[in-house]
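Common to both upcoming complexes is chain A, partnered first by chain B, then by chain C.
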Partner chain A sequence: MNRDYAKYALRRVLQAVVVILLAYMFTFVVISVLPGDPVTNTLRNPQNGFTEEEITRIVAYYGLDRPVYVQLWSSLSRFVVGDLGVSLRSGLPVTRQVGEVLGSTVVLALSALGVALVLAFGTAFGAQYLPRRVGRLLRAFPSLFLSMPNFVIGLVLINVFAFQLGLFQVIDSEGGLATFFAAVALGIPVSARVTEVLIANLDHEAGEEYASVARSRGLGRTRLFLRHLLKPSSLPVVTVIALTVGELLGGAVITEQIFGRTGIGSLVERSVTTQDLPVLQAIVTLAAIVFVVVNLVADLVYPLLDPRVRLGGTTSAARPEPRDLAEVVAP
Partner chain B sequence: MQTSRRVRPPGRTSRMIVGLAAVIGLAACAPGGAASSGGSAEPKQGGAVTFLIDSLGDTWIPNNSAISSFQGHIWGHLTDKLVYVDEKGAVSPWIAQSWEQNTDATQFTLKLRSGVTFSDGTPLDAAAVVANLDIWSKGDPTRGINPIGLFPKTYKASEAVDATTVKVTFNAPTLGFIPTLGYHGSILISPKTIALPAAQQADLSNDLGSGPFVVASWKQGDSVVLKKRADYDWAPKALSHQGPARLDTITYKLVAQPSVRTAAVQSGQADVAYNPSPQELASFKAQGFTTATPRYLGFVNGFAVNTKVAPFDDLRVRRALQHGIDRKEIISTVYTEDWLPAQSFFQSNVPGSTDHSADFAFDAAKANGLLDEAGWARGADGLRAKDGKPLELTLYANPYLATAKSVDELVAQQLKKIGFKVAIQAFDVVTYGERVKVNSPSVAAYEVTRSFIDAGTVAGVLTDANKGENWFGLGQSDPKLVELATGVARAATVESRAPLLDQLQGHVLQQGYFVPLTQIVQRIYLQSPKVHGVTYNGLAYANYYTAWIG
Partner chain C sequence: MTAPAPAPVVSTTALRRSAVRRVPPAVVISFALVAFVLLWSVVPGLFTSHDPAVGVPADKFLGPSGAHWFGTDHLGRDLFARVVHGSASSVSSALIAVAIAVLVGGLIGLVAGFVGGWTDTVLARLVDVFLAIPEFLLAVIVVSSLGFETTNAAIATGVSAVGIFARVMRSEVLKTGRAVFVEAAYLQGGSRWHILTRHVLPNASRSVLTLAVLQFGYSILIIASLAFLGYGDPPPASDWGLLISVGKDYPLAPWLIYAPALVMIATVLSVNRISRWLRKTD
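Our next item is the complex of A and B:
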């Protein structure tokens, strides 16, 4: 087991490194095939009044007139020694720019994950044990949450809680309550998938023999839920949480814009619209690292959490897939 | 009964109820209510202004960002300029107390105000001004510092004669030099900042000016907080206030959503929202809020017509284009009465701008007559054609003007009435920059939005003389245009230039080279009624140095 585990872990780590390098190069290629470059695009604004000669000279300073493969090589050789370069738009070192905003997004994403989990577990518990009518209403929540774009939720929350009730200030976007409401806007759609999986697994576990036995012995609902049903139902949630990292990062782009927060999301938005390649490469690489690491941790933790999971020859067999979503609508 | 309930997808009704409630909630939550009016008419000391802005631009390297429509607000408070240009284009002394020029406007002598210092205590003297003039003119390509694009390209050199005297020489007459010193690109920065590498200049905290405010804190892409400089005492005399600013702080906070910006001002959480939608201004005014739509000095919004592209090589077609556009309808439909129709191809507040509106007044009958005369016959669908070719025009909505697409859509409808088949292309800034270029064979009508500080700038765009932009594709082929443009460029005094500018405007418009639409308002402000005394300069930036909260 231990040797198998070590081999498995090593293979996963090597795969992760390859994925990160590919993400870095893929970003470069995608941005490079777009028309124009960030420097020329700015200078061409007729308001600037630059001549073509001046533009050519400035573009040459940034090395953007060199062949794409030369640019890729120099970018890659800097990257492997940890130099992320300088933003083509702000002129600031990329590490500084990303570092300044990273904390804000981490706080938002973790808060949103917290909101999503509380919502998911609350809804799943209610769907199991509250009166049937309420339960049915709660079972509609995942599809409702999924169909509500986070910018709509965000604008409603800002309107009600900031402008109508004055609970938070839009200009203090990093404040406690402002962060909480931003986390709610981001967390609601993210909770949908977790809730669906949890409800499906709770339904399954509740129908198992051991649950019937526990009930017949007079075990209370809450005790049965917390002591016996929750743990086996939650294991697939670990997989879903790993997958929601992408949703959290993607959702942060919109949520940060709506709430006026400066985080990775708003930096991505700015860098994409301005084709700021070094910053984009850093962020995509960071996202790839986060995604790979979270999934890696989930994969490595899973065999330790659930003794039934055995490590096969293929890595993908390590984690069971979450229960089919079709089971959710057929309680 | 029970079976049918089970078959139904669970919770559909409940889902609808919750969804409906959310929509109703959203509709009901629109912040409303009137602003509290009144307040003090007497200026007060202290207080803070929070300004919500849609972008904070990209870089803070002074030369690379000074003319940004967004960062210009911050530079205007951090720095001073050599001269002040008010909203009517009048030039008055600021750091330069007086100036003289030689007879052919190739040499200028600036006399500086003494005792002015940058915020680190470095004197703003002749040597500092020379360092600034040099960096504006040439930039520093080895450090990634751009020149200021619109600084006169005729600049030769400048020298510090003594601590308060600067002599500036040009290779050719440059009457526009003095007004250019009041342009938003011409901000005076400490020589210590100018000497820093680009990466350090990109840190706003290192960018030292001599203005009435200094940087208290800033975060890239998020906010800039300015605090007043207690020893500031060199405001332009043209302003109503002297000495240190009245406000303690100004906070510029980026809020990308226009509705959140305006709702924050309506609910009292912020004082100013930048760039609200023009259509909402009437409603804000009715609620007691202040709105401001200052015009910058520059060209009006309109089309520069490429005379090389058929059928616009025909004067009658160009003139039909001019007379086929109803500018009053554009203002009443897309804008509000705060916008003005064009009178020339310069904004009417530009010194030297004269009223030529009769040359391109809306007159559908005249437009139809001109097209008939040119041989463009109407078909069954009302559109015109000649020798089997339809009368077509493609408009490329200018991405730098938020309302450009709406204006173009209306113009397309108006031109359809006189028989034009108009297509509209809207690109993002990047694609637009690549595909839509003035004087390109595929662009018959280039939509102009550009500010300038001196009408002399016009000489550099009309023909291809001196690497001019050649807006109309004429090169040197129109001798009268060449003569007038050269005359404007070489004029040594404003007085001798005025009649030439008038003739030039008449000629360009009578030849249908330019099709004016409306005067441009590029900066729109929604303001709390608590804020008083705001000044708008010739580039339509709001100046809170004179403002107070009451």
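Our next item is the complex of A and C:
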């Protein structure tokens, strides 16, 4: 087992590194097939006030006068040593610009994850233990959450709680309540898949023999849930949660814009408008890195948490296929 | 004990009728709703007599009423007419997105699963890349690289879903490829092409179809999100996402947000319900 695990871990780590490098190259290619020459357009735009010298320096730095594959190679070799380039708008290093706004997005994403988990576990518990009618209603929640885009939830929350009830100010966008509501808007759609999988797992575990035995021995519902059903049902959810990272980061683009927060998401929005390609590329790569690393950790931790998982020879035998799982096990 | 009743003769039409009877009411409603939206997008003129682009300035910001079901906007245009006329663009872009995802993703998955070996390994990493970049971010960079237009937003949404379709198609192809009847077909001298078209594809298509229906709803939301950010056609286009985006600037007329949002949510919810039903009847 230990040797198997080491081999498995090594293979997964290597895969992750390859995927990150490929993601960087992929983003580069997508961005540089842009029609027109936005880099030069941005640089030559008098509004940005680059001097001729600076332009020459930046063009030389990015090798913009050389063919695309040479640019790709030099860009990749800079990326490997952690150099993400210079913003075309501000002239600051991209890493610094991203670093400045990273904190706000991390706070938002973690709060949203918290909201999503509370919602998911609450809904799953209710679906299992509340009276049948309520339970059936709760079972429709994942589907409903999946149908509500975060910008609609955000706008409704702002309209009701900020404009009508005056609970928070949209201007004080980083305040506690404002962050909470932003997290709710971002968290609700994210909770859908977690809830779906959790409900299905709970149904499955509740039907197992050990659960019947525990019930027949007179164990109360809540204790049965907490002591016996919760752990085996929520373990597989670890991998589903890891998959929500992408949704959290993607959703932040809109949520931050609506709630007027400055974070990675609003930086994406701004960089798209100003065609600040190095920043855009850095953020997309960063998102891919976060996604790959979080999922790598989930994959590596999962076999340790759940001894029932056997490590097979194929690519991802240790965990269920991500979204297929949610598809297949959905009620 | 009475003699066993003769087995009832079941005609195919009766069978079909009983299958229809087993459709849950929620699914029937969902089908009806989706049908309505599809009709809106094909013949919008049948459902509203108001012009979506020309308003009566005196009638601006009217709340929902008998004359204006969804109220009117800041230019006095009938919002219901705008939603109905906007559905064509929202629905057709979602269809484009799904078509791209199914064709490109399906092809990648099919080749990976059917050819196997090194091809599979290489394609698997490519698919990993598609899955590693958050879907919405991927859609954003693709659309910003193609240019801000609703068609491009649809293409971007399709590209962002390629990974998941490739993965599902691959696993379906692998599953079928191992089945005994496929082995039998090989032994009887069936060519690879014959097996691919007669056995593997038909079997895989069911899961892909279910996913495609689900993705249709999801694409509506992503395209609306892109339109909301202003990455689609500019006004006077009336994509649902764009309507909501314009409506958010008038907090005193909340129906400008609620009405198109409810239409969109109801549509996507119905599509999801249909997809779940398809999966169950599998």
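Definition applied: the second predicted complex is superposed on the first by the 286 of 331 C-alpha atoms of A that agree within 3 Å, B and C clash if a C-alpha of one lies under 4 Å from a C-alpha of the other, contacts with A are read in each partner's own complex, and residues count from 1 in each chain.
In this section, a residue touches a chain if its C-beta (ideal position, glycine included) is under 8 Å from a C-beta of that chain, and two chains touch if they have at least 3 such contacts.
This structure is a prediction, so every number in the text was calculated from the model and none was measured.
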Contacts of A:Leu92 with chain B and chain C, given as first, second, both or neither: first
Contacts of A:Leu300 with chain B and chain C, given as first, second, both or neither: neither
First (chain B), second (chain C), both or neither touched by A:Ser143: both
Touched partner set for A:Val106, first chain B, second chain C, both or neither: neither
First (chain B), second (chain C), both or neither touched by A:Leu76: neither
First (chain B), second (chain C), both or neither touched by A:Phe163: both
Touching partner for A:Val292 - first (chain B), second (chain C), both, neither: second
Which superposed partner A:Val152 touches (first chain B, second chain C, both, neither): both
First (chain B), second (chain C), both or neither touched by A:Ile31: second
Residues of chain A that lie at the interface with chain B and also at the interface with chain C: 34-35, 143-144, 147-148, 152, 155-156, 158-159, 163, 257-258, 275
Chain C to chain A touching residues, read off their complex: 124-126, 128-129, 131-138, 140-142, 144-147, 164, 167-168, 171, 210-211, 214, 217-218, 221, 224-225, 228-229, 231, 241, 244, 248, 251, 254, 257-258, 261, 264-265, 268-269, 272-273, 276, 279
Chain C partner contacts - residues on chain A that touch it in the complex: 15, 18-20, 22-23, 26-27, 30-31, 33-35, 143-144, 146-152, 155-156, 158-159, 163, 245-247, 249-251, 253-254, 257-258, 268-269, 272, 275, 280, 283-284, 287-288, 291-292, 315, 321-324, 327, 330
Contact set on chain B toward chain A in their complex: 9-12, 14-15, 18-19, 22, 25-26, 29-31, 50, 52, 58-61, 64, 67, 141-142, 144, 146-147, 149-150, 153, 198-199, 201-203, 219-223, 251, 253-257, 259-260, 263-264, 266-267, 269-270, 400, 428-431, 433-434, 438, 448-451, 467
Complex contact set, residues of chain A against chain B: 34-36, 40-51, 54, 57-58, 61-62, 86-87, 89-93, 97, 100-101, 136-137, 139-140, 143-144, 147-148, 152, 155-156, 158-160, 162-164, 166, 169-171, 257-258, 260, 262, 266-267, 270, 273-276, 329, 331
